[in-house]
Amino acid sequence: MIEFSTYNVIFFSISSFTLISAISVGLVNSLMRSLFFLILTFIGVAGLFILLSADFIAIAQLLIYAGSISILLLFAVMLTPESSTNNGNSKYFLPGILIGIIFTYLMVALVTIFQFNQLSGIHLKKLDFDNTIASIGELLLGKYIIAFELASILLLFALIGAISIVRSNESDFLISLNNKDKK
Amino acid sequence: MSLIFSFIPYIKRLIVLILILFGLAVGFILSKALFDLSIYSNAVFDFMIDKSSYNVAYFSSSLIGALGIISFIGLVLLVGSWVERRMIAKFQIRVGPNRVGIFGLLQPIADAIKLMQKEVLVPAVADKLLFFIAPVAIFIPAILAWAPIPWGPNMTYLNINIGILYIFAVSSLTVPIIFFAGWSSMNHYALLGSMRTVAMMVSYEIPISLSLLSVVIITGTLNLTEIVLWQSSNSIWLGLLIPFSLFTFFFSSTAEINRTPNDIAEAESEIVAGYHIEYSGMKAGLFMAVELGNAVLLGALVTSLFLNGWFLFGLENYIPPYIIFIAKTVAIYIVLIWLRATLPRFRLDQLMNFAWKMLIPVSIINFFMIAIETTIITNLDSSKYIIYLFAIINIAVFVGLIILWSKIFKIDKFSPEKIAPIFAQKIGGIKAMEGTKSVD
Amino acid sequence: MIELEYYLIVSILLFGIGLFVCIGKKNIISIVMGIELLLNAVNLAAISFSRYGSEFESQSDALSGHIFVIFILTVAAAEAAIALALCVLVYRHLKTINVSDVSELG
Amino acid sequence: MIVEEYFRVFLLLILSILFPLLPLSGSYLFSKINYRPFNSNDVKSAIYECGVESEDITWRQFNAKYFLYALGFVIFDVEVIFLFPWAVIHSEQSYDIFLKVAIFVGVLAFGLLYAWKWRALEWQ
């Protein structure tokens, strides 16, 4: 068991890494660099998940966010060339900062005032998970089976929708369709 | 007297023989002492826990494992490049590096020093931060993926129960790094090369995951050590039980690590050098080194997933298990070199079509078939023999698939006689061709 | 000792940064990035509640938080796919992806 | 405990960052003792373009086919996240689990067929 002080140091280093790279996403001017910092943020959040003993979720985070959604973002940047240099601020830049700070202040105040251990009357206890992936599998195919099936339908619609949006006005696509009709 | 003189020409061989025997004896003694390297790590742990806190003990004992992995990778990067160049030279009937040191063994070190002395050029328009980070960061997935590899019975650096997914997730981080390497050069060729590479790597990650899925379905675990133990307890290699998954994994991984036949990343004839065109000196060397390290990593993965890891028909009781593991890994690496010397590069559109229209649909069907087989195995008691039956069925299906593919691609049994001499026919020279066995 | 509150504060800070990125940037791709940050913050909160929850009697009860996060991941992937496809479409029509310039219909 | 195991990843991460920095710092040292040339000029620091100076910006609009492949990849990656927990528990469960997963994969296979049919997988 790693002692309390080591855990503290690891927690603070990972969370500060995450937050600094998250702020850099907003402050960096080049869109590619901001994407790079976004990937670093995802990796940092995966580290926090591991500290919370959620290993499968951390891997899923790495795989889906850092591995595939970032690729999607990269390709989207490459398909829209003028955006690549330009990660400019909108006219709501200062209001954005203000709203962010106010929201953060309010929520932090709420969290620190609110006594979570009085929520249920029992003192909060830590749960150390063991072999999460098997339990998640049992839950997914047992209790949450309908959501599991619906997820596939959601993914299907996302695929169909995105394909039809991207290809909607491509000339070669239409030509190929026309040729197909003639046959 | 003349008898003794007649031995003189063989005395060199005799000395070599004696040396080999001596080496074997030393190796035997050493193998007793170094049979299980984990005892040293444990000894350090026990030693440190008396002196100081648990944290320091844990840290120092894991540091030994980490340094072991890092030094193994360093050794592989040095020796591997020599092996590869010598082997390729043998395939092409030349000598290969043979000037620096005995058999040219010091050639990799000379190369490294040469690369370090080279002038480092950074394009004026490049994104300096990402340009510097990319060659350093590309090592992170390549080294981190070594962590859950089981070297021996107790020799796993990171014994987690999601080992396969860990390797899959960590190695998928290579893709954005390669993209950043190409993008930050601000070069048409580099950008095009990185886009093509990313598109290909992304396509081939899906067959990899589906083939790993069938491994997990059979063994019921994601822990690499348990997968190796499953294979030995059922006394079958997974590569024989699910040959299609082995093929998919191997072929797709060659795409993932940019090796021939799928080295789209550095298609010299089309896009000059691919994503690392602007890199010079040691940074370019780092990209090459990482490619080599990934090839050996693929060998280690195939060994532990499909070739029963450190087990070799009872030999693991006499030789240190990690030696067997490394031998199998090197064997896979040599197969990769063999492929590189033999096969031409595939075209990108062929590769993409092969991934999406062949590998992915067939992998889905394959893992369903394996799921059905697993259900039958677990519900029947006589699982021992039915596994062999399924192995035969799977191999038959795999061979049938290969024949089907060769029919689709119109490869007629690979025999040159059957190919009609079209060109010769066109120019009217078919009469002259009669009786000869040549191909046009 | 690191308790639930620390993780919640990190999650809130991440959410605040995400809000700032969403509001303060004019590039649509940046805004999508901001949304991903928001979803990450929510995931972090869900996982920390699941870890430090008090009412859970067994592991499989507590892991409902993990299931929740897996579905958020799914929705995030679908959302990113559709949003970026729209982004590509908008660029093709209007040759810009600044939010302030995309004000006309069609 | 999980955190304790993954601490080793953290350790290996630090070492793996140091590993490539070792030859790079060797290269840096060579430049310090004036053994590595360092005389850059405009021609050298221009990007490689077969001797011709590069015109125009590097970004041209890429074909949408790249995006379509990434799209398929994302969808299948999420599918993998759902399928691995199933694969782990598959051998312990009864037959009906098979049907549930068959529906799940069937729906996604339909998506693949759709993409195939509407030529999203065609590399022109």
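Points to keep in mind about this one:
Chains: A, B, C and D, in written order; residue numbering restarts at 1 for each.
To be clear about the criterion, a contact is a pair of C-beta atoms (placed from the backbone, for glycine too) under 8 Å apart; a residue touches a chain by one contact, two chains touch by 3 or more.
None of these values were measured; they are calculated from a predicted model.
The chains in contact with chain A as well as with chain D are B, C. Put simply, the chain nearest the middle, going by average C-alpha positions, is D.
Centroids of chain B and chain D (each the mean of its C-alpha atoms) stand 18 Å apart. For this pair, chain A with chain C, the centres built from the Cα atoms lie 5 Å apart.
Note: centroid distance chain B to chain C, computed from Cα atoms, is 37 Å.
Chain centres here are Cα means. That of chain A falls 32 Å from that of chain B.
Residue positions of chain D with contacts to 2 or more other chains are 2, 4, 6-7, 59, 62, 64, 66-67, 70-75, 77-78, 80-82, 84, 87-89, 101, 105, 124. For chain C, the set of residues that touch two or more other chains comprises 70, 73-74, 77, 80-81, 84-85, 88. Shared contact sites, meaning residues of chain A that touch two or more other chains, fall at 1-2, 7, 53, 55-56, 60, 63-64, 67-69, 71-72, 74-76, 78-80, 82, 129, 133, 136, 138, 140, 151, 155, 158-159, 162, 166.
By the definition given earlier, chain contacts exist for A-B, A-C, A-D, B-D, C-D. For chain C in complex with chain A, the residues that touch the partner chain are 1-10, 12-27, 29-30, 32-34, 36-37, 40, 43-44, 47-48, 50-56, 59-60, 62-64, 66-67, 69-71, 73-82, 84-89, 91-92, 95-100. Residues 1-2, 7, 10, 50-51, 53, 55-56, 60, 63-64, 67-69, 71-72, 74-76, 78-82, 84, 128-129, 133-134, 136-138, 140-141, 145, 148-149, 151-153, 155-156, 158-160, 162-164, 166-167, 170, 172-173, 176 of chain A are the ones that touch chain D when the two sit in their complex.
Residues 58-59, 62-63, 65-67, 69-70, 73-74, 112, 115-126, 135-136, 139-140, 142-144, 146-147, 157-160, 165, 185-189, 191, 195, 198-199, 202-203, 205-206, 209-210, 213, 216-218, 220-222, 272, 277-278, 281-283, 285-286, 348-349, 352-353, 356-357, 360-361, 364, 368, 371-372, 374-375, 377-378 of chain B are the ones that touch chain D when the two sit in their complex. Taken together, the chain D residues at the contact with chain B in this complex read 2, 4-9, 11-13, 15-17, 19-21, 23-24, 26-27, 30-31, 35-40, 42, 44-49, 54, 58-59, 62, 66, 69-70, 72-73, 76-77, 80, 83-84, 87-92, 95, 98, 101-102, 105, 109, 112, 116, 121, 123-124.
Contacts from chain C toward chain D in the complex involve residues 70, 73-74, 77, 80-81, 84-85, 88.
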